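Please find one structure pasted underneath; my questions will follow.
Chain nomenclature is as follows: A, B, C, D, E and F, assigned in order of appearance, with residue numbering initiated at 1 for each chain independently.
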Amino acid sequence: MRRLDKSIEALVNSYDSYGLVNHSGGGLPSRESIEDIISSLDELLFPGFWEKGELDHHNLRLITGEKANHLARELIREVEKSIGFAIRQGRKLDEISRDYGGSHGGCRAAAELVVEDFFEEIPKILAALALDMEAAFRGDPAAKSTAEVILSYPGFQAIVVHRLAHFFWTRQVPLIPRMMSEFVHSRTGIDIHPGAQIGESFFIDHGTGVVIGETTVIGKDVKLYQGVTLGALSVRKEEADKKRHPTIEDGVTIYANATILGGQTVIGRGSILGGSVWITESVPPDSTVYIRAGDLVIKPRK
Amino acid sequence: MRRLDKSIEALVNSYDSYGLVNHSGGGLPSRESIEDIISSLDELLFPGFWEKGELDHHNLRLITGEKANHLARELIREVEKSIGFAIRQGRKLDEISRDYGGSHGGCRAAAELVVEDFFEEIPKILAALALDMEAAFRGDPAAKSTAEVILSYPGFQAIVVHRLAHFFWTRQVPLIPRMMSEFVHSRTGIDIHPGAQIGESFFIDHGTGVVIGETTVIGKDVKLYQGVTLGALSVRKEEADKKRHPTIEDGVTIYANATILGGQTVIGRGSILGGSVWITESVPPDSTVYIRAGDLVIKPRK
Amino acid sequence: MRRLDKSIEALVNSYDSYGLVNHSGGGLPSRESIEDIISSLDELLFPGFWEKGELDHHNLRLITGEKANHLARELIREVEKSIGFAIRQGRKLDEISRDYGGSHGGCRAAAELVVEDFFEEIPKILAALALDMEAAFRGDPAAKSTAEVILSYPGFQAIVVHRLAHFFWTRQVPLIPRMMSEFVHSRTGIDIHPGAQIGESFFIDHGTGVVIGETTVIGKDVKLYQGVTLGALSVRKEEADKKRHPTIEDGVTIYANATILGGQTVIGRGSILGGSVWITESVPPDSTVYIRAGDLVIKPRK
Amino acid sequence: MRRLDKSIEALVNSYDSYGLVNHSGGGLPSRESIEDIISSLDELLFPGFWEKGELDHHNLRLITGEKANHLARELIREVEKSIGFAIRQGRKLDEISRDYGGSHGGCRAAAELVVEDFFEEIPKILAALALDMEAAFRGDPAAKSTAEVILSYPGFQAIVVHRLAHFFWTRQVPLIPRMMSEFVHSRTGIDIHPGAQIGESFFIDHGTGVVIGETTVIGKDVKLYQGVTLGALSVRKEEADKKRHPTIEDGVTIYANATILGGQTVIGRGSILGGSVWITESVPPDSTVYIRAGDLVIKPRK
Amino acid sequence: MRRLDKSIEALVNSYDSYGLVNHSGGGLPSRESIEDIISSLDELLFPGFWEKGELDHHNLRLITGEKANHLARELIREVEKSIGFAIRQGRKLDEISRDYGGSHGGCRAAAELVVEDFFEEIPKILAALALDMEAAFRGDPAAKSTAEVILSYPGFQAIVVHRLAHFFWTRQVPLIPRMMSEFVHSRTGIDIHPGAQIGESFFIDHGTGVVIGETTVIGKDVKLYQGVTLGALSVRKEEADKKRHPTIEDGVTIYANATILGGQTVIGRGSILGGSVWITESVPPDSTVYIRAGDLVIKPRK
Amino acid sequence: MRRLDKSIEALVNSYDSYGLVNHSGGGLPSRESIEDIISSLDELLFPGFWEKGELDHHNLRLITGEKANHLARELIREVEKSIGFAIRQGRKLDEISRDYGGSHGGCRAAAELVVEDFFEEIPKILAALALDMEAAFRGDPAAKSTAEVILSYPGFQAIVVHRLAHFFWTRQVPLIPRMMSEFVHSRTGIDIHPGAQIGESFFIDHGTGVVIGETTVIGKDVKLYQGVTLGALSVRKEEADKKRHPTIEDGVTIYANATILGGQTVIGRGSILGGSVWITESVPPDSTVYIRAGDLVIKPRK
C-alpha cells in the first residue's frame, strides 16, 4: 500500500490548490443538518403524520416543546455559521446586524434573532400550507383525502419546504435557503428557487422537472403540472439583480412541460397555458394558449 | 427564549385550526414504515442483490422465514391503520369486510386477510418481474447483464414497486399504495399511479419525468422513455370515477417526452410514437407518429 | 399464519425459477456500499463541506489517512466482487488481468491494482472538478458563491460522481460505474451514462430530466439545462458497440428540454441550441437553433 | 428446519404455562427506557460532563428545555405503566390516587403528578449530590479533583441513582425504583435498595460488593468501603414489613468487607468499623471495632 | 505524523510475534454476537418483559417466528465458528461429529444439529426458569412481585444465562458457553462457570462476588448470597479433569461471603452456612455453621 | 405543564450554585469517547478477536492504518482536553510542556506528543500482554485455550486496560487514566488504580471485588483471586503523596478475599496468602499464611 500512501500525500498537498476545500475559520452549514432540520420541521408542522409510531396526544405539549427547543438550537447553530460565511465573503457585520434588527451581539446574537422571528412566523406558514393542501385536494381528481396529500404529494412537499426556505431568503441568510430547496428538489424533482414569491393556494401536480426561477412572482390559486419551466431569457451574470423570471397572475393553470421565459413576461390572470407551449412574451388575462394542431405526421409502419 | 416559548404556545393552539394535524384516534400509515417495507420487499424478492454482505445461501430458508414474518407483521400494522382511516373517512366496516373476504373481525382481521393474500400473490409478482427484467435487458443496448438491470435501472425499480402497490390498490387499501408509488417516484422521477393497469414485459428507460395516470391501461411488451406523460384531458373532480387516461395496446413504443392524453385515446398495437409528440386522439394499430420536420430555425450566430 | 408459512415455502421454491436471485458464488457489489463509497469520496474530495460538525483542521492528515484507508478497503472489496462477476459472466481471468496491468494474482490482486490507480487519479479528478465548479459559478446568475455550488448544485453533484464513475468505466470494472451514476441520477434527476466522455468546465443547470448516453462525446465549456436528452436514434441490441449518441463540441450551450439524437450528429463548436428543439442531424459550428415562432394559438377563454 | 418450526410451536404453546410471559394488558416499564432515563438524568444534572462533544453554553436553556421535556415524557410513560401494573396486582385506583395527591384522572393523571413532583424535587437532589461529591473528594486521597469524582467514581454514580430512585420509592411507584438501582448495581457492583434512607455527604469508595438493604437508615457523613453489607438477620417473607436492616448514625466509617446485620443493630455516631468485621449487635457511639490480631498462621513454605 | 506511520508499521510487524492475533482461517465467535444472542434469547423466553414498546399480542406468533429464525441463524454461525476452532485446536471432525449425533456434513451440519437440539430444549429451560423465579420471589422479603424478579434481579439473570450456556457446555461447544457466562458475570458480578450443574429452584440474592466453579454440583432449592465462593483447593493444571469444586446438596442456604472449597467437600442437605465462613471439609446434613463469637475488639475511640 | 416549566427555570438557575456543572471553557474528556477509545484499542491490539464479522486478512494493513489514524485523532482530542483541564486546575503550561518533552506549542502540541509516544509504546504493551495471557492460561485449570482467555477472562481485560491507562498516568495526563480504569472496573468488578505498578505475567482469576491502590507495587508472576484488596491503612488527604499501598514481590499468590494493607507492608517473594487473610504487616519471602482452623461452630440445626 506504498502507492496509496503516496496518493494520500499528494491529495493532502493538492487540497489548497483549488477552491474546493473549506478550511477557512468557522464552518459551513451542514447538508446533513439541513436535512434533519427539514424532517424536524415536518414533524413540528404536521403532528401525527410523520411519526413512525402513533402520536402520543396526551403529550402533545411536551413533544412540541421538546421538538421546538431542539430545532431552535439546531437552526441557531446553522444560521450562525451562515452569517459567519457572509462576513467572510465580505459583508460587514453592522450591515448584517441592521438586517437582523439592529443587534450588536455578533453572529450568534443575529442568528438567535432570525430563529426567534422564524418561530413567530411558523403559525402563519402553517395557515398558508392549509390553503395549499386544500388546493391540492381540489385540484387532483385522484386525491381521495387531504391526508393523502400530506403523506404522498411531492408538490405539497415542495411548497412546504419553499415557504420555510423563503423566510430565510427574505432575511438574507445565505446558503441555508438554497440547501433547503435543493434538498426537496432532490426528493421531488421540483426545483423552486427560494427567492420566488408564491401566493396562496398553490398546487403542482406530479411535478418532476418543474423549474421556478429566483425572481418569479406567482399569484393566488395557481396550478402547475410536471415539467413546467418558469425561467430566464438571459443568463448573464451582470443581470443577476434584475427580474429575470416571469410573473404568473392569480388563477392561472399551466399544463405539463410548458416553458415561460423572461422577467417582463406576464401571464394574465385566469389564463390557461396548454401542455408544451413555449412562451417568451406576455399573455393577456383570461387567455387560452395551446399548440397548433397539425404538427404531427401519422403513417402506417412499413 | 421567552419569544420562543410564546411561539410554541401559539403553534400548539393553532394545530386544531387547520386540517393539517392528525390526532384523530388511530394513527396513519407511517412513511418511514412504508419505506422500510419496500426495502424489505426488495430483499425478499431478490435475495443476494440488496444485502450489504454476501448472501448466506445455507441459511436461505431461515432468512426468508425471518424476513417474511417481520414483513407480515409490519404490513398488518400499516394496513390495519389504513383500514381504520377508511372507516373514519366514512366507509362502513361490513362493506370493507366484504371486500376483504367476509371477515367479521374488525380492522385487524381484515388487515391479516389482505396481508396473507398478498404473500400468496408474491410468487406471481416475482414471475411478472422476471419478464420485466428480460424486457429491460433486451430493450437497452447499454445493458450488459440482467444483474445490472436489477441493481441500477430506475425503470425496473419503478415497475417492481408498482406491481406491489397495485395489489394493495386492487384490495382498496387506502393511502399505502399511493405512499409506495410516491416513494419510488421520489427515487426515480417516475410517477406511476398505483391504479394503472400494466401488462407483462414492461420497460421504461431513463424514466425521469414519466407520468402514468390512475386509469391508464397498458398492454404487453410496451416500452416508454423518459418524460412520457400518459395523462388526462380533464381534471375535474366530478370525473374522478371515469376513465381519464389513455389505453396503450400491446407492443407500443413511446419515445422521450411524448404526451398522450385522454381516457378515450387508444394507441393501437405495435405503434411507435416519436419523441415529444402531443397526442389527444387515438392512433390506429401499427402506426408511426412523429413531429413534422422543418419546425426549427438554424442560422449562424451573429 | 398457516397460509403465510405456505407462501414462504412457495417463494423459496420459486427463487430458482427466475434469474432474479443471486446465489451464485461470490456476491455482487452492494448498492448500500456504493452509496457509502460516494459519500466517503465526497468527504475526501471536499474536506470541510460535508462533515456535520466543523472540520478539525489540525487533524487534516490523520482524517485524510483514516478516510483513504477505509475507502481503499471498501473499494477493493466491491471491485473484487465486480471482477468476480465479470468472470462468472464469461470473461477470462488473464484477459482481465491484462486490463489491470498484467497481474497474475486473481480478482483480489486485480482489484487492488485498480483501486491504487484510482487513488493516483484523484488529484487529477479534483483539478477537473475545480474547473467544473468555476463553470457553474460563472454560468448561473443566481449563484452567490462557489461554496453554494458545492453544497447545493445538483449539476455539480452529477459531474462529481460522473468523473469518479467514468474512471472505473474506463478500467472495465462492471456494475460499479452504473450503480454510481444511477445513485446520483436518483438524487438529481440527471442521468449520465458512465461511458460518456465529458470535457473540462462542464455545467448542467437545474438538471432534472437530463439524459446523456453511453457513447456521447462532450467538449470543453459545454452548458446544458434541465430536460436535455443526448440520445440514440436506434436502440437495437446489435448496435451496442457503435457510437449511438451525439458529439457536442467545445463551447456549446443547450437550453431546456432540447433533444439531440444519433451517433453521427455533431453540434459544432460554439453553437447555441434553443429550448425544446429536436435535432437528429449535425449543426455547423457557431449556429443558433430555435423553434420557429408562430406555432401557438392564443385566444380568449370562453 | 422442520424441527425448528416444531420447537417454535412448542414454545408459543408453553408461554402461558408459566408466569414468565407478560401479555396481560398494559405493558411494563422497559429496562431499556429506564437506562435511557438515567442517562438523560445524568446529562440534565451535570451539564458539560456527559456530552460527547463540548457543552454549548450559549444554548444551555434550549438544551435544558429540550432534555427536560423529553425526560418528562419518557418518565410519564414508564410511571403510567408502573401504576397500571400496581392496579393489576390488586391495588385500588382511588387508593393510589390519594397517594398521588387526590387525582381522579386514572393512571395517566397520577403519572403526570408524580413526574411533575419529581421535577420540582430535582434542585434539592442536586444540592444533596453536591455535598456527596465534596465528601468523596475529601474522603479519597487519590482524588485529584471533583471533576474526577463525577466522571469516574462508582460510589458517586451509585448515590446519584439512589437519590433519584428513592424519590420514586417514597411515592410508591412500583418496579421503576428497583430497576434503577439494579441498573447502577450492574454498572458499579454497589447494590443499594431504593428504600434505604441515606443522609447527606455520603461516600462509598471502590464499592464493588456493597449491599445496603431496604430498611437501612444511614445518617450524615457516613463512609463505606467495598464489600460492606448492611443486611438482614432474617429473610422470612412474613417480616417484609419490619425494619430488617441496621441503622448507621452520623459520622460512621465502615471499612472493606464488614458485615452489619439486623434491624435493631445501631452503629453509634462517630464509630469506626474495621475491615471484615461481622456485627449483629449495636455498637456504642465513638467506638472502634476491629478483628482481634493473632488469627493467622504464618509459616515458611515447604 | 511520521512517527505514527512508523508505529503502525511496527505494530503490524509485531502482530505475528505473539499469540494475541487471530488470523488463522475461520474466525472466532464474536463477543458482540454473543451479547446480541443473549438479548434475543431474553426476548424469546420472556415476551412482554424486554421490549421497549408494548408487546404486540396479536402478533405473538409472527414475532416469535421472526425472532426464532433470526436467532437460529445467528447461533448456527457462531457455533460453526466454535466447532471450526475446536478442529484447529486438534480435535478430529468425526470425533466431534459423533458428539453431535453422527453428522457427516462438516462443521456447518454439526452446528445446525446443535442449534436444532437447543431449540428443542428451550421449553424445558423455560420450565426450570419458572421454578427459579418462584424461588427468588419466595426467598427475598423485599420482592414485591415476580415481574420485579424478571426485570431486576441479577441472580435471576445469572441463572437464566447459566441454564442456556450449560446446554452448549454439555454439547462440548467451545468458547461460546464461557463467553455467555462471562457476559452475565460482567453485568451482575456473579461468576458461574458454564460447566457447573445446578438443580431446580436456585436463587442467588444480591450476588456480587459469587464464584461457582466448573465442577460444582448444586442440588434443588439452594440459596446463595453475595460473595459466596464455591471454589477449588488446588489449581494445578494437571487436575483440570478432576472434580475440583464442592457439592451442595438440596435445601442448603449459604450466607454472604462464605467460602467453600474442594472437590470432595459436600455440604449436606438442609444445612445453613453463616456469612463469611471458610470451609474446606464436608458438613453433615442439617448442620448450622457460623463464625465463633468473640473475635472482635470493640473499644472507645481515643 | 406549567409546573414543569417552573422546575426547568429553577434547575437552570441552580446550576451555578454547585460545583456540579462544567461550563468552564474547554470541555472535559468524554466518558463515551473513552469507552470508544478502549474498544478501538482492543481491536487494534487483538485483530481477529473483536470484529463482529471475520477479519479481512488481506486488508490487515489498510484496516490497521484506518484504526490507528482514527484512534490517534480521538486520543489527541481527549488528551488535549485533559491537559487544558490541568491548566485550569492551576498547573503551568511550561511545566506541563517539560513533562511532554519540551514542546512550546500549547495543549494541542503537548497532546500530539503524548499520543505519538503512546503509539510507539504499543508494541511493548502488546509484548507484556502476551505474557499476561500465558500466565492466565497456565494459572487456570479451566482455561481450554488462550483464545478463551482473550475472549472471556475479566482478569485479562483488566490488565489490558491497566497497561494502557498506566502509560497515560506516567505521562501525568489527568482524568483519562482514571476514566479508563473505572470503565474496566465497571465491566469486571476489578478496580486497579492506574498508578499501580504491575510486573510481567500478572493474572487475576474471577476478579470481582479486587481493589489495587494507587501506590501498589507488584512484581512478576503474581496471581490474585477475587475479592483481594491491596489497600491503604490511612486515608488522610495529607498523605496523598506517600506510598500508602503494599508491595507484592515476585511469584506471590493471594487467594480470594484476602486483605493486605499499608504502604510499608511487603509480601516477600514466593509467598502464598490464603483466602480471607487480613494482613497489615510484612510477610517474609516464601511464607504460607492462612486462617487458623477452629474458628467455626458447626452444630445440627434445631
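Criterion: contacts are C-beta pairs under 8 Å (C-beta built on N, C-alpha and C of every residue); 3 or more make two chains touch, one makes a residue touch a chain.
Just so you know, these numbers come straight off a predicted model, no measurement behind them.
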Remotest chain, subunit C as reference, centres from CA atoms: D
Residue-number overlap at the subunit B/subunit C interface, same or different (half cut): different
Inter-chain centre distance, subunit A versus subunit C - centres from mean C-alpha coordinates, in Å: 26
Subunit A and subunit D: spacing of chain centres that average the CA atoms, whole Å: 52
Chain centre separation (subunit B, subunit F; CA means) in Å: 59
Two or more partner chains touched - positions in subunit E: 1, 4, 53, 61-62, 65, 69, 72, 189, 208-209, 227, 257, 276, 291, 295
Subunit A residues within the subunit D interface of the complex: 56, 58-59, 62-63, 65-66, 69-70, 72-73, 76-77, 108
Subunit F residues within the subunit E interface of the complex: 44-55, 57, 60-61, 64-65, 68-69, 72, 116, 119-120, 122-123, 126-127, 129-130, 133-134, 138-142, 144-148, 150-154, 187-189, 205-206, 208-209, 226-227, 256-257, 275-276, 291, 295-301
Footprint of subunit D on subunit F - complex, ascending: 1, 3-4, 6-8, 10-12, 14-15, 17-23, 26-33, 85, 89, 174-175, 178-179, 181-182, 185-186, 189, 191, 193, 195, 208-209, 211, 213-214, 227, 229, 231-232, 235-237, 239-240, 244, 257, 259, 261, 270-272, 276-279, 283-284, 286-292, 295
